[in-house]
Amino acid sequence: MVRIGVLGCGRIGRMHAANIAAHPEARLAMVYDVDAGAAAEVGAAFGAEVAGSAEAVFASGAVDAVLVATATPTHADYIEMAVAAGKPVLCEKPIDLSLARVEACARAIAGKGVPVQLGFNRRFDPGHRAAREAVARGEIGDLHQVVITSRDPGMPPRSYYEVAGGLFRDMTIHDFDLARFMLGDEPVEVVAMGGRLIDPGLMEELGDHDTAMILLRTADGKQCHINNSRTAVYGYDQRVECLGTKGMVQSQNRRAHEMVRSTATATGIAEPALFFFIERYAEAFRAEIDAFLRVVRDGGEPEVGFEDGRRALVLAEAAYLSLAEGRVVKVSEVG
Amino acid sequence: MVRIGVLGCGRIGRMHAANIAAHPEARLAMVYDVDAGAAAEVGAAFGAEVAGSAEAVFASGAVDAVLVATATPTHADYIEMAVAAGKPVLCEKPIDLSLARVEACARAIAGKGVPVQLGFNRRFDPGHRAAREAVARGEIGDLHQVVITSRDPGMPPRSYYEVAGGLFRDMTIHDFDLARFMLGDEPVEVVAMGGRLIDPGLMEELGDHDTAMILLRTADGKQCHINNSRTAVYGYDQRVECLGTKGMVQSQNRRAHEMVRSTATATGIAEPALFFFIERYAEAFRAEIDAFLRVVRDGGEPEVGFEDGRRALVLAEAAYLSLAEGRVVKVSEVG
Amino acid sequence: MVRIGVLGCGRIGRMHAANIAAHPEARLAMVYDVDAGAAAEVGAAFGAEVAGSAEAVFASGAVDAVLVATATPTHADYIEMAVAAGKPVLCEKPIDLSLARVEACARAIAGKGVPVQLGFNRRFDPGHRAAREAVARGEIGDLHQVVITSRDPGMPPRSYYEVAGGLFRDMTIHDFDLARFMLGDEPVEVVAMGGRLIDPGLMEELGDHDTAMILLRTADGKQCHINNSRTAVYGYDQRVECLGTKGMVQSQNRRAHEMVRSTATATGIAEPALFFFIERYAEAFRAEIDAFLRVVRDGGEPEVGFEDGRRALVLAEAAYLSLAEGRVVKVSEVG
Amino acid sequence: MVRIGVLGCGRIGRMHAANIAAHPEARLAMVYDVDAGAAAEVGAAFGAEVAGSAEAVFASGAVDAVLVATATPTHADYIEMAVAAGKPVLCEKPIDLSLARVEACARAIAGKGVPVQLGFNRRFDPGHRAAREAVARGEIGDLHQVVITSRDPGMPPRSYYEVAGGLFRDMTIHDFDLARFMLGDEPVEVVAMGGRLIDPGLMEELGDHDTAMILLRTADGKQCHINNSRTAVYGYDQRVECLGTKGMVQSQNRRAHEMVRSTATATGIAEPALFFFIERYAEAFRAEIDAFLRVVRDGGEPEVGFEDGRRALVLAEAAYLSLAEGRVVKVSEVG
C-alpha cells in the first residue's frame, strides 16, 4: 500500500485524490491546499489527513510519495522539496513557465535518484498508447507523418489566461509532449502560426492566442502537425494520427456512449466528444497513477519524467520564437 | 454488342434502358410500353426503336435478348414468349403473384435451354455480395445466423398497394431471395408476424401489412431473421448481417457522400441512407446487366434464375400461411 | 452512508463489492460466501467484515441493505429473508428457475413494503438507457420495431450449463427484460426458434440451446426480435435498435478504446467489442448501485423490481412452450 | 446536345471521353492524341471522329467545346487556341509549370469572353462540396481552421516525376485550390516543409519531394494545414475538415462498399479507401462535365476558372520559396 500525499485540492487535485483513494494499492494519506477549506473538504470526502502546510506533507513519515497539483508557480519548488525529502513525486505539467527556472530545478534535483514523473496524462490514454505501441511494433512500417488535433471545448475564463503562460506553454505543451511520444524521436525544427480568432480583444490585450497551427520536423525528416483551438463546441477534440509506409493508425475521440440516432434528415447522430479532460482522460489519469505506483514501488525511471517536461517547454519556446520571427526555428537555438 | 429490347418504360424500365444504353457491350435496340408516349420518350432519349407491340420485340431480328419491366401480371406471359422466341430474358420480380401461374410458366419453359434471369438486384449489390463471398470463402467459419433489415423510406400510394399482391409477395420477396443467397441454403421452416401500424385503416381494408418480422430456419438449423417496415424516414434501410463461428460480416447502408457534421449537441451527423432503390442499388442494377450480358453471350445458367423466383414466392406463401395459423410452417407444406 | 452486505463473493459478487467499496455514499459493511475463503479474500480486499452465515448478514445491525449475488437456487430464499428482516435487497437475476417458486416468493414478500431490486443491469447501460429515453420522449415518433442482438463471446463451461436452467431462463432473460424496457409495454405473443449449432452434442445431452431467434408482439402490434448466440468471437455483442415513425435509435457496441488501423487491405480496423459483461456493463453495474442506494435512502419503487423478474421468466416459459409446440404462444397461456 | 472534342486520350482523357459519351446532354464529337493509336482506340470505343491534329479539333465546325487532357506543356497553347477559336475549354490542371507562361496565357486570352474551366475536380466532389456549402451557409459559424489530408496510394513511376514539375506544382496544387475553395478566401502567407522519405535517392536526384506539410493563413487569420504523402497504402486518402465557432464539418474517405468484418481480433474491418483518383472522384469528374456543359450552354463564368489555376500555382511557388528560405512567405512576394 503506497501512502500518497496530494498537494492542491482544486479540480484536478480532487480528481487525483479520488483516483488514489479508489486504488487498491494506494492510500490517500494526506492532502494540502492553500485554501484550507478545499483541503478539509477533500480530506473528509476520502478520509485523508489534512496537512497544515506543504512542508508538513514532505516531512511526514506517513507519506511515501507526493502528487503535486497546485498552481504552476509552485511546481518547481515542490519538486525540489520532494526530491530533497526523498519522496517520489508526480507533478502536474508544466514544471514552470520559465525555462531558466526549469533548468535550475533540473540542476537542483540532478543525481538524487528520486523519481520525478510529469503529468503528461495523454501518454496513458488507451487509444493514444495503442497507437504509439502499434507504431513502435512496426505495424505501420516507417513513420512519416503525425497529425495531432487538440481543441478545447471552450474558452477558459480571463483569470485562467492571466496566469496560464500563453497557449503554447499551457495547452500546446501537452501536444508537444504527445508529438515526441508518437514520433519516438526529437523534433529539431518548429514553425508556428498563432491566431486571435475567438476573442481577439482579450488575446490582443494579454498577448496570447486562442488558435494555432504548428509544424515540427525530426532530424531524419519525420513531420508532425499540431492544430489547437479553444472553441470545439462539439466536445474536447483529442485525436492523433500516424502515417507510415505500411499503413495508418488513428486514435479518435471518445463519446459517453454509443447511442446513435437516425432521423428524416440525418443518420449517425451521436453524442458529442467527451467533455472535458477529466472525463475524456479518466482512464489515462488512472493509468498515470498506476505507472507512478510502479515507480514508487519498484524504482526505475518514470515513463514520462522531468526531462520530458523540459523538452516540451523548449518546443513551446521555439514555437514562440518562430511566431516572433516568422520563420522555421531550430530547436537547438532555444534549448 | 448485345442488342436488347426493353419492355416497360416506367421508372424501373427507364433506368434499365439508361444502363443498357450506357453499357459499352450492349445496345438498347428497341423499347415498348402499353403507354406509347412513355415508350416514345425513352426511345428518343436513348436512340432506340419504339416497338408497336410486345410481340414485335420478341419477333424482331434486331433484338438478341429482352428485359421485362412491365406490370407484374404480364411477367409470366412475356417470359414464355421470350423463351418461345429463343431470346434470353431478364425479368423483374415477381414472376407472378400466383404460385400456380408460376408453376405453369415453369412447365412451359422447361427444357428449352433459353436463359431466364430474375431481377433480384440485391444479389448484385457490392456490399451484400462481398458479405456473401466472405461467408462462402469460410471467413466467418460455420454460418449460424443471418439478420436482414429491409425497410422502405415511406408508404407507396394506395394504387400501388392495390396491385402489389401483399407485403410478402411484393417487398419481402426480395428478402426471401436474399435470405436464400446469404444462407447458401434452403429455408425449411417459416414463421411470420405481420403488422398494420403505419396506416391501419388502409392495411385493414386491403388485407395487407406495412410492418413485419419473420424467422426462417434451414434443415441444418441455420437461422434467419427478416424485418420489414414501410416507414424508415432516415432512408432506404438495407442491411444484412451474418454471424458465424469465426466472426461476423455486415453489409451496411450507403450514403450519398461521407460528409459528417459535429455541433454543440452531436457528432457524426451524416447523410440519410440513400433514397430509394434506384439510387441505393445503382451499382447492383448495372452489375445485374453485366451478368445478363455474360449469360446472353456465353450461355450457361443465370446467377439468379426462374427457380429462385419460384422459391422466393413459395417462402412468401409459407409466411402467409404462418400468419393465418399462428404457427411455424414447413416450407414443404406450400411448395 | 449506506452500509451494504454482499452475499456471494464469486466473479459478480466481487465486482459488486468493489463498486460498493468505491462508492462515495456506500460502505461495504459485510460479505458472505459458502466458500469461506472467497469471502475472506473479498473482505480483506475491501476492508469488510466477513459473516459466518447468510443469516448473520440479514440479522446484522451494521447492515442497512443487502446485495445477493449467490447461486440462483438461493435467490428466492434470500429475498424472503431480506424482506423479513426489513432490509432492502438488490438480487441478481433470475429470481428462480421455477415460475412456481417465484410466485410463492411474490406472495411471501407481498405488502411488506421492503424494496426488492432485480439485477437487470442492462437497463442502466448509458447507451441502452439513452435509447429508451429518446423513445419515451417521442423522438422517434410511434415505436414500431425493436431489434435486440445479444451474443456471448464464447461458450461457458459444461458445469455452468448444468445449473443455468436453459438458454431462455439464463441468458435470454436479460433480453426479455430489455425488450419490455425498450417497448415500454408488455409482449402478449412469443414465438421462438432454438438451435444447437455450436456444441450440438452437449446441447442435445442437456436439452439446452446455444443459438436462438425469437419474435415478440405487444397488444397494440409493436414487434420485437431477439437473437442470441454463444459464439460472438468478436466480443460481447450487445445492441438494441428501435424503429419508429420519425426515426431510429441504436445503442451500439462499446470498445476498449477508439484506435483504428488502416492497412494495405483494410481500413477502420478497431478493437473487438468489449469482453465480457463486467467490462461491457461496468457503467451499468455502477449505475445500478446508484439506483439501489437511492431506493434505500429515499424509499419508493426500485426502477426494476421483483415483478420485472417474474415477467421476464414468464416470457422465457412462453418461449419454451413455443419451441415445444412450434407455434405462436400467448403470454397469458403461461403466466 | 453539346458536341465536345477531347484532346488527349491517356488515362484521364479516356475517362473524360467515356463520361461525355454517356452524358445525356453531350456528344463526344472528336478525339485527338499525339499517339494516333490511342486516339483511334478511344474514337472507336465511343463512336467519335478521330482528328489528325489538335488544330483540326479547334477548327472543326462539328465541335462546340473542347476538353484538354494532354501533357502539361501543351495546356497553355491549347487554351489559347481554344479561346482564339471561340470554343469554351475545360483544361486539366496545371495550366503550366511556369508562372510566367501562365501569365502570358492570361494576357493572351484576356477579354475574349470565352469560358476557360480548370480541371480542379475536387471542388465537385459531393462530400467536399457539401462541406463547403455547409460552411458557406454559416452552419459552423465563423470558419477558423481547415485541415486537408491528401495522400496518394503509391509512388508514380520515375518517368512521371521527370515531367511533373515537383510535388507542389503537380500534387499539392489540387490542395492549394481546395484550400482556397474551403476557406472561401485567399491565403496571404505560406510556410512549407518538404520531405524525401519514401524514395530519398530519386527525390534527391530530381530535387523533388514525396512528403510535405504546409500551413496557410488568410488576411483575417483563418488557418489551413495541408499534408501530402505518396504512400497511403490504405487507399487514396482525401479528407477535408473545417472547424468553426459553431461546429465542424468533415468530408471523409469513400469506400467501394460498406461491408465490414468482425473477427476474433478486430471489428469494423472495412474496404480500403477508394483507389485511385478516377474511382474516388468518379462523381466529381461527372459533375465537372455537368458544370462545363452549363457554361457552354448558358454562358457565364465557370465555377473554377483560369484565375483559380493561376492562384494555385502562385501558392505552389510561395511554398517553394518557403522551403528554400525556411520562413513564412507572403504570397504577394510571388504573384
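To keep things simple, chains are lettered A, B, C and D as they appear, and every chain counts its residues starting from 1.
Throughout what follows, contacts are C-beta pairs under 8 Å (C-beta built on N, C-alpha and C of every residue); 3 or more make two chains touch, one makes a residue touch a chain.
These numbers were taken from a predicted model, which means no experiment stands behind them.
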item	value
Distance-maximising chain from subunit D - centres being C-alpha averages	C
Pair joined by the larger number of C-beta contacts - C-D, A-C	A-C
Cα-centroid distance, subunit A relative to subunit C, in whole angstrom	40
Distance from subunit D to subunit C - Cα centre to Cα centre, in angstrom	57
Residues of subunit C whose C-beta touches two or more other chains	233-234, 246-248, 253, 260-264
Subunit C partner contacts - residues on subunit B that touch it in the complex	142, 144-145, 147, 149, 151, 189, 191, 193, 195-198, 211-213, 215, 217, 221-225, 227, 229, 231-234, 237, 243, 245-248, 326-328
Subunit B contact footprint on subunit D (complex, rising order)	22, 24, 45, 125-128, 130-131, 134, 139-140, 246-254, 256-264, 271
Complex contacts: residues of subunit C adjacent to subunit D	233-235, 253, 255, 260-273
